[in-house]
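In the part that follows, the structures are each spelled out as structure tokens.
In the two complexes that follow, subunit A is the common piece, with subunit B as its partner first and subunit C second.
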Partner chain A sequence: MQEENEHEPQLVSVTRIKCSEKTLRPTIPCILHFTEVTSVTGLEFLSQPGQEKTIRACYSLAWIIERCLPLKPDTGMEADVHNNSVPLENGNLAPVDRLRRDRSDSPTPGLVEGTEPGAGQDSAMFVHAQSFEDLTADGEQEQEEEVQVPEGGDRSERGPEVEKPRTEGEENEKMQGQPGEEEQEQEEVQSGGGRAKEEDVNSEAWRRHRKHVFVLSEAGKPIYSRYGTEEALSSTMGVMMALVSFVEAGKNVIRSIHAEGYKVVFLRKSPLVLVGVSRTRQSERELTRELLYIYYQIISLLTLTQLNHVFQIKQNYDLRRLLAGSEHLTDNLLRLLDCDPGLFLSAVTCVPLPSSLRDVVSSSLQAAKAKNLVFSILLAGSRLVTLVRKKDQYLHHMDLHLLYNLVGSSSSFREGEGWTPICLPKFNTAGFFHAHISYLEPASDLCLILISTDREDFFTLSDCKRRFLERLRRRSTYQALQEALLAPSYPVSQVGIPELRHFVYKSKSSGLYTSPEIPIPYQSEEEQERLMGLYQYLHSRMHHPTRPLRFIYHCAERENLLSWVTSGFELYLCFSPLGTKALAISAINKLLKWIRKEEDRLFILSPQTY
Partner chain B sequence: MSTKKESKSGKVVPNGTSKHFLERCASTNEYFDIAFKVMLLGDSAVGKTCFLVQFKDGAFLAGSFIATVGIDFRNKVVTVDNVKVKLQIWDTAGQERFRSVTHAYYRDAQALLLLYDITSKSSFDNIRAWLTEIHEYAQKDVVIMLLGNKSDMANERVIKREEGEKLAREYGVPFMETSAKTGVNVELAFLAIAKELKHRAVQQPNEPKFQIHDYIESQKEKSSCCRYV
Partner chain C sequence: MLMISPRMAAGMQEKQYTPSLLNFFIYNPKFGPREGEEEKKILFYHPSEVEKNEKIRNVGLCEAIVQFTRTFCPSKPAKSLHTQKNRQFFFEPEENFWIVMVVRNPMVEKPNKEGKPPTIEYQEEEILDTVYGAVLQQCYSMYKLFNGTFVRAMEAGGVELLTQKLEKFFYRYLQTLHLHSCDLLDVFGGISFFPLDKMTYLKIQSFVNRVEESLRLIKYTAFLYNDQLIWSGLEQEDMRILYKYLTTSLFPRHSEPELAGRDSPLRPEVAGNLLHYGRFLTGPSNLKDPEAKFRFPRIFVNTGDGYEELHLIVYKAMSAAVCFMISASVELSREFCEQLDGLVGPQLTLLASDICEQYNVNRRISGPDKEPQFKFIYFNHMNLAEKSTIHMRKTASVSLTSVHPDLMKILGDINCDFARVDEDEEIIVKAMTDYWVVGKKSDQRELYVILNQKNANLIEVNEEVKRLCATQFNNIFFLD
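Presenting the complex of A and B:
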């Protein structure tokens, strides 16, 4: 299934295209084929005999590429990679046996899923998400699982990188029932908040941004642009839609364009189209995953049901009206994607706490339950303190990241109590949950999110919060918790490996990761992003769909990195440039031992349910 | 604390509002005699959150606009004629997608502050739609007050005060222009609401009926005479 070969130029047939300098509209039929290879000059157009429009189509495509992709390529560091690839069975990293084994039964304790440091003792807290593979094994594949195959049914073999576009009928089958919350008054025009992003889209500065993200509707209407106003970009977005639709008209799907160090990635999620233009080293899959996050961010505000409904009624609906005021959520999510390892690791990190303290907090949350309460989540900043869930209901880490993003992007929850509908797209794209969001104290970092299924539950949940707080205070845990939060992380020096600067360790079975505080050389925003970029690069190499690696030692200019993935965990280490490979390898064992020793504190080992 | 509450509730005629006496302020430990729910409504970006923050903390939220998510719930206790009145204030998101949540809480509200932005014609034009919605979802005897916010932005004004007054007369609701930035009439709006609600809840037999319109007229600062800029 994953035998795609990236080097094989693929033939994409294109039909029905009319080209002018500004727009491509699928009106005048003509047939052309183009081969997608990795540079602009490599874009070849082979016209069918007797089709005179080809040249103009080439012109337009060149124009598109010039317009959309004027970004300078990153200076690559490919040459420094030393890697030690281990041949894998099936060419796949997914554990052969997906069932968790008991710690004691495991032949190599610590390396197998379920026995690694940080693995939960009871059931996992999150959807049993089989880590990275499940989520992003293939952005497109995942899309299929979600939309086309309701019960994980058989998928027919597909040709390399070629997919048939989904028909409307299939899309609709999945959408049963009415929207949970219909909002149909359309008489009011929103005045829209002022956005501090009025950038000239023709300027060099606009073109130089590292990563652009565009969201548009199938009618080609702009919905979101990371930089610049949507209005100014409407013709560019029209061109993007034209690209998508003329490839689709040939019963095909455009996935990406690679040219001169930048990548244009398309994600088609009917009724939306998402386009990322990036000059980072991220792989196409990583970029697709980021677009998927943006897509889910939009779904979390509207539900897919409502989204489909709106566009069914009016194909050229301006979705910005319904999304008004949410731009900063998307902006913030894009920032998180650049600097939070949890989002590419598909994992969540928690505040290091003595397990006894965490247990008291968990049980207090557990006791403050209500009939319709599904999840109680206590956060400190963007770290989890504890999470209590209804039996048999799992929260997906992607949904949790969207919640983080919601809480982190809004200052208004600090003072009062917030109450908002939210769709958790990995749970159910059709309906809204209702979230009660409040800080335990205005000055505190502790934010409590209570998620209920009932939109009338505000006072019930407000009371849950009061009971939780009372219980915490009565058991004098509150003070202890506040004190513990004064040091929300730990310095890497605690591990006792002098050359080690930073690391990220993810336990696959619990979906949790741990990481020390960012050390001095990486504290500036750009440096932090650079470090995360390196991790992300290693991550994408290790999870490459066709040539996955298990172990990478990477000597970069300013640091040496080592990454290792087993069926139980993923580990990324960053050493000072003076460290040696031998030293790095010996550090692994020491670090794993340290994490095992500290796992009670660093992870949530016994998640609670109501 | 309970003794105080009981003595108060003994004095006050329980005319259907007695349930309020059993409530206790959840987020602060201030005591109060009566509690009322007040809701802030109006289009996105008219200044509802700023209006509330000015009233609650006496501060102005400068900086970029951050849309409220869903509904935001805050409490403030004010004293009206020696009675402690707790206002439970619902700050709502103006965006269309939150309408359904807001609707669900309309009927609990005893007073609605409906805001428009004097520098935005569309926000004023939408007031009629808001009032239609209010009549559909809110309680019949709900106290409504129309407020033209951002009165400090005289240079960008597009809605004259007379237009606001005319609209308010048409619907028979009190009106004033406010500024969340300078604080003009902000406290007055809430106090007038609190007074009106308090009089409704605990009407003494010999006391004349509270006239919210007259009260506002006598108290309000005309924005024309207090432009400090």
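Presenting the complex of A and C:
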């Protein structure tokens, strides 16, 4: 690669991306504003007659490169959706009858997977791994997928489409009256400053951050840094890459560096390298899993196929050009990792709802189906209301967390219907799905995500949403749902154990967990993170790869902790430090009984499929 | 060390390799700062036959890692590096002098079908940083005990003398490192004290005083029985490493004569004299030998003002051993040794049989030894007192434990958890094998108990540990 290519990539399509990227700044997904539907070249599908309302279509840069790069990942993926059903690891697709019969009324330690409180009665909604360690074993799988995507052959086929983004970009420039390139550069700097990243990377304050995350390319080029600008850190990242390749030269793999009070963890996911520097008590494995989340976050914007492709063409490509504007997604994901137990539990939580109400919502969603619709997800904040999926297709909890993150980090979806391509990396790292994202009402917390395999499906899915809303309103469910959401969680006092401060209960077979509101002693951000840190510590000890544990009771000055893992559930409890062991034991029994009693409300027991 | 796993029975020859020492090197980055001079940084490298460029590469990586971590914390650089195949431990005992130990992860070699090379699986979670970090520090302490600091050698004879000393010491010492049997006890590096009644203790103290009074040259004395410490005049840190040397190196090498028969040629000195069983473990093996040399090992200990060089005389009668330390500036003569032998020999023999009698009485009172339901390790950070019923015998070559290695590692994990927060804690866990493991930390004391009561519940386990504390540590408070 010649030196001069560094700023002007040779790849024609990439140059075009750059121009669209400028226009569509600063957020991903980018929003195109149309006051009236016109015929925009490259966006023909918008010019259907009769759609005389304001539409804000969201495009991510990923969508644009999808059209720019001479690749057609969709072909690989669509085949996947229909043929490649992901097998359930635990094989608990047992007949419903058996599960019903086996569901015991009183909780006993012998509860096996599928009969524990919260276990779905039909089948699980998620692909779920026993624990996160399983997820790291997907390296080979990805490589296989790469092979599936035809490369050279598609080039000519996609030829005509390559032209489109340019026109689209130009159109937009005209429409929005975008100024010239130089001013754009300035804007870039400002948007960087907006993240408050300008820090002195040699200062003590920078060093004291609890958790640094760096993403770099194999050429040592900075891609992301949580604190401080990538420019200021480029030499540090260069050193990181040097360490990685030095160890690799000895046919070895660098994992981590440990020092007093902090750890440095390396994750090599070709073509990227991720590095975390943490002062938390988290173990090396937990930090690696967090880096894996960041890696998948990037994949979800680009697909692995395109990521590989970009670096194959130009090894020292500056990936920030493609990811510009997506930093806040990564920032938000890092915050989520610190405070949401679902991410380390490999589980999802749902809004407590009367099962009758939830069933109506599910069936309304089920009825609003479309040919290429794969998943319909209704969220309230970061909690699941319900999820309907295509038969034989399972959503991985990690993919769902990435969707939460996407929705949670962009306020733009509140302003209209969003339409964005998204790769669900645990489903398939090679292709994009197309997500229709919208809030049921601008002020509501209820967000509907409809995921289709067809990128031309915007209006179909918009129609699905309309039908879903109609159904909800017709059956006056909408009002009931809104009312139920006034209390999106429950206080721990409902369980009736005075010394119990907080708990997390995960049903293994359904991949769902339930947990009360964060109680008063842990409400500050710092304390909440500390509590999550304690749970993470218990989780990592319980799931140690070579010496796992069944049970931990940890008694310290500020709180007593208890965790218990059986083949059916995982339980983490936090007691006041005054509680005794005898009390803890009786609390477990009482809590399990309570969850069994409330399971209709706390879990989704009868997930639906189209 | 190679162990054949039980799974081999099925015809699949699966080989299990325990952790082993790959490299051990000492360098000073200031010694070859210019390019092309990197080799000068290396003061010692094991194995020495490694090719020069590889040595330089490995040292370079360590320098880079240390330098890199200073970006995040200038004052606390890296202590260990984890890779797929090995772990490296870094220790800077003196400014700019770095000792690095590279330990290969345990691995399983699985044979493949005809023609294909076997698959090697590295077990990356088996090595505990705390254990091997402590082993590395012990290496330095042991070097310092016999040679003083690196800087001292540099001052005396420059880099040349230092490399000579390092070569001489570590060549032998590294052969005695048995990395596969290191565990929590290495982290503590504690001293096992011999339990004794007041009368006998006073007898020993008066013995020490009398000897020091008669032989004015003696500066410090330490008294041990059955490899356990009873009295020491040294600083705690010095006694800790001296104790380690005595119990894992010196005593095991000399244990045979006591076990040998009375007429065995191994004990010419004591034949015929039932009142005098004493002999030198360091220095002359036979005083009557006209060729005998009166050279004793020299040790360096910490005193009020800097380091003090001393002769180490270890004298033993039956199970009682006494260390006498005399300033290195004094030349030790045959006369002095004969005088010491004549004075100490009979008294120590008598004292040893007194202690033995006392010990047997105590054992009878506490009842016959029956296999208890629990095993434990106790350590007190204040006086370094250590007690283990898990380790059957700690010798130079191997430490035999009576529990599964995984349980020992769980103890290590709990110890790490305790180290993270400086407050009293209790952790009770149940392993997949249904063993219960209890760790308690209170004040400066740590107690670890392994209970083999698979059907017990938390409350029963708690009761059992309470009983144990009441019988074994009745005057020590533990958080309930």
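What we mean here is this: the second predicted complex is superposed on the first by the 435 of 610 C-alpha atoms of A that agree within 3 Å, B and C clash if a C-alpha of one lies under 4 Å from a C-alpha of the other, contacts with A are read in each partner's own complex, and residues count from 1 in each chain.
Operating definition for what follows: a residue touches a chain if its C-beta (ideal position, glycine included) is under 8 Å from a C-beta of that chain, and two chains touch if they have at least 3 such contacts.
The structure presented is a predicted model; accordingly, all values stated were derived computationally and were not measured.
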Touching partner for A:262 - first (subunit B), second (subunit C), both, neither: second
Contacts of A:544 with subunit B and subunit C, given as first, second, both or neither: second
Partner chain in contact with A:301 - subunit B first, subunit C second, else both or neither: first
Subunit B versus subunit C as contact partner of A:328, first or second or both or neither: first
Partner chain in contact with A:555 - subunit B first, subunit C second, else both or neither: second
First, second, both or neither for A:384, with subunit B first and subunit C second: neither
Footprint of subunit A on subunit B - complex, ascending: 26-27, 43-46, 49, 53, 56, 64-75, 91, 93-101, 104-105, 117, 120, 122-123, 126, 129, 133
Residue ranges of subunit A in contact with subunit B within the complex: 181-183, 185-194, 196, 301-302, 321-326, 328, 406, 409-413, 415-421, 434-435, 437, 455-456, 458, 462-463, 466
Touching residues (chain side subunit A, partner subunit C) in the complex: 207, 212, 236, 239-240, 242-243, 246-247, 252-262, 264, 277, 281, 284, 537, 541, 544-557, 581-582, 584-585
Subunit C residues touching subunit A - in the complex, by the definition given at the top: 61, 64-65, 68-69, 71-73, 76-86, 123-126, 129, 406, 409-410, 413, 417, 420-421, 423-432, 434, 457-459, 462, 479
